[in-house]
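Look for subunit A in each of the two complexes below; its partner is subunit B in the first and subunit C in the second.
Right after this comes the complex of A and B.
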């Protein structure tokens, strides 16, 4: 056995990952930050400068702040729905002792095998004019039509269907970590199901709920294909708008600024919510 | 003795085709401590969980003070449960754990405070009220679990292997403490354990279970001196079991032709099982008139209170014998020696092919 100091071995082991992170994440971010301070010019596209004008343009134009708000509330609504709909599924799966449990888990994972673009196209077929719902409505009540495509509802539905499996899988592993005997103890001490849930299961699952919520919130904030395909031309969210500024308008400085505003907003809210949960958890 | 307080009638739990608990009948008197004892997988824990209400019975009734509890959810059963893993609420302090059941009952605050103080004092944890379970030792956690169950003044206290997670040297002490608390409070209690010593120490009566069925219910002495079948004879204490053919009232013939001269005279004939406890048999000279069978000493180990002999019958069946030490000559027989084996009529147990004990009509003097 070699007597190499432990610190050196550890350093060698995390070295490659550190290099990848530095090269693939930090360097582009630094570059992006630099771009966001440049100036845009119609003929030269990007001009070297050190100006806050891209950020100011975003913050003072109600159109752009409106897009940020839309993105935020869509993300919050889908995160809340994921929590509310995901918890019962995750709980059933976690506490199941049936031999169908792994089939259930597979059913939850299966949608993840299909890309978000393909699934958005599927929803278009269901929600669009002449789609499944529309034809069904017309058949039941001739002359009527249901136009759900290109509405916020369609976007929420699309993002929800993509994010729900992540939430269920996160919560399932957390609930499995809660000793089922603790719930039985609460029951035997006189706690009916509602109080057992509120006083025992929920507080113990809280860190897991926060992890799951952060995960799906970040995914929703950065959703691209779903809002683009299901939201339609007049529905704007941050990621599609960012791409348009970058690829269609060739305005790299402004696109970089949008990217940073999206990132900072997401990170701030994420950090704030975990800090809140951590404090609650300690106090509880 | 007062009448039955907790009565269990025909309690059965099937999982698919297999029965985890099969037709269990039991009467528990008020203030009694009954211990369910058996090897793992014998259905004792399922029986306890059926009574607690965590498992729904396939058939049978659970009557407490005459009321049928079988259809009540656990939170209406007023039974305090102490779990093997303690199952304390990790996010609550000791005080919050102990008062949980009282808060569920919406008792007035002064009463909650008063019961908390009294219960913590009872388990000697008054100074730990504000600690979290993770800050306590295993023994302290166990006492919190007990206090939490006692605080609700349960109609029945259920204990599922309460001592198995404790250090060996702490176990006896905690066993005595639980017993004292239970007696002092006049609590009716049902405990599950696989540990025979624990069961013998704590029980008023024991229920021996195997393969989902009750094998025998009785006091320590009844189980030890009058086991209802070979399983109980071997499981409680230890018994050497020898299978053979009974003929002529007193002859037990083994398959290889060896004949054991029994101490009793029996009316039955046919296949039987002989059970002899290690400390109830003696060795003598091979040709001694008292010898019921001749054995070969395979091993002799001095273990303090007795010498443990490993003996072999002519057909190879191994027997264990405990010869009490008396401070004088120890290992009276050395490995390789031939010796006679004998026992008194009162120490002989014979079971028929169905496992039912046979009674001797007359004793044959050795």
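Right after this comes the complex of A and C.
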């Protein structure tokens, strides 16, 4: 029996996937990068050029950098909230022996069956004027009203509700991978629950926390429907701004530059946090 | 590769002969010019459906013109048209856009000139909207919508929106802010295109805590719930929302109403121009125009398309016919990018 060299087999196996990635991701990105250096012209649409002006326009204008900052802080706040709220749920689910466990997992997954636009519309019904909260407030204290729609709070709440399941599911599988006996050992040695958590569970779950955080951070940075519908016209985030430049103003070069700035910011922060966690993990 | 000899080869000639033999069995090829397929680039939703039920099926199907719709948002469809401008043969015969966009495309040299020899029904077009590059299909005047339950004295002019009684209760639609700027300019200076004069008023409106909505459909619930009481929108919206049971009415500002025009043009590289002209002619037929008035609340652009009965009542303009003002699209085009930028920053408030 003749044996094929191992390297060749591996190459054949990953070849198709590599081709797909090259064709469907890398090539369009290269094209987008090229577009971002073109010049916009209202009548001629896009004029061939090699100019950094789209990037400079963004970076030197406090209006645009302000939108980037808003996007960053919304993403960081929602990621932190996802971690804080997601961990206890994930822990409970992972350690549960109950026959209701799968029902619990299903409850976490179910919201993912509904698109983010529909969920944002749902929140509009809850937070809007005349909505559930507003009516409840008016019923309890006649004459009062709570205006929560079109505020950063509404956007954070909307993104949180969309991203939380991703965090819970990621953390749950990581926590399930941590041997429960390790915790029992810590307990038998007299560690309080808080020490057990801080010194045993948390360090072991750290890579999973990082993965989950990166996942929800990227989702939040790119959120479109939620900020548009819950934030309203006066609240600006990167994805709706990008879409407006691309699809409403037909300014493809500037939209491409915004896309790259958003992508580079997200990738840099993601890579930095991964590197940080890895160092900590090795040290631990 | 070898050079192809010019002129028809024997094989091509044989093919032509065979095709000629088939002609009697292919009525859509054999008949005179205006037949075959016409591709209409349009918005989706109600508008596309109404094109089908008022123009395509009743008026064009009998002429053996088969209509295919290319549905998408306006900017995406325009981008496609611009991208294929150098092709000798594009793939769109009719392009539906808002009037300002049609003006831009014509300036870029992309639209076929139109006249009555191509589209006979053009002679019935309302004079305010007539031009030779894109025909107005339907229109709607800008009015001030108000909630009839909470507003006892309807506003009569745009400057009423700045008064204390409506403070914080004015709704503005982000996607038509340019028309709001025009309304303010018209009231202030008598010239709708004097954008700079309108800016202070708009800045006051926005900073007074009035509401801005990104999607048109968020406007009606806000009017219903009391989040807002008034706002400048198209008359068609009042009619549409009244149908949906919202207690609203239109007030025509005494200084006049800017009009929104939805238009149709023929790209210079349209593959089937004869059918495209037939399509334009059909869309100006009174029956087709009435269909849109009835279902969407937009007014006909053809003087032949008179409305009757209940529809006429619903769409009636006030007794003293309001001044209808079509924007100066050249001035609008020149100012648009700057206005866009100013508006974004104003909303942002940074």
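Please note the rule applied: the second predicted complex is superposed on the first by the 282 of 284 C-alpha atoms of A that agree within 3 Å, B and C clash if a C-alpha of one lies under 4 Å from a C-alpha of the other, contacts with A are read in each partner's own complex, and residues count from 1 in each chain.
In the analysis below, contacts are C-beta pairs under 8 Å (C-beta built on N, C-alpha and C of every residue); 3 or more make two chains touch, one makes a residue touch a chain.
Just so you know, these numbers come straight off a predicted model, no measurement behind them.
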Which superposed partner A:176 touches (first subunit B, second subunit C, both, neither): neither
Partner chain in contact with A:42 - subunit B first, subunit C second, else both or neither: second
Touching partner for A:53 - first (subunit B), second (subunit C), both, neither: neither
Partner chain(s) touched by A:128 [first = subunit B, second = subunit C, both, neither]: second
Contacts of A:66 with subunit B and subunit C, given as first, second, both or neither: second
Partner chain in contact with A:250 - subunit B first, subunit C second, else both or neither: second
Partner chain in contact with A:234 - subunit B first, subunit C second, else both or neither: second
Parts of subunit B lying in touch with subunit A, wherever the complex brings them together: 52-54, 73-81, 83-85, 87-92, 100-101, 104-105, 148-149, 152, 158
Subunit C partner contacts - residues on subunit A that touch it in the complex: 42-45, 62-63, 66-67, 124, 128-130, 150, 228-229, 232-234, 236, 247-250, 252
Residue ranges of subunit A in contact with subunit B within the complex: 179, 181-182, 184-192, 195-196, 199-200, 203-204, 281, 284
List of subunit C residues in touch with subunit A within their complex: 73, 75-76, 78-79, 82-83, 104, 107-108, 174, 211-215, 218, 221-222, 224-227, 333, 336-337, 340, 344-345, 347-350
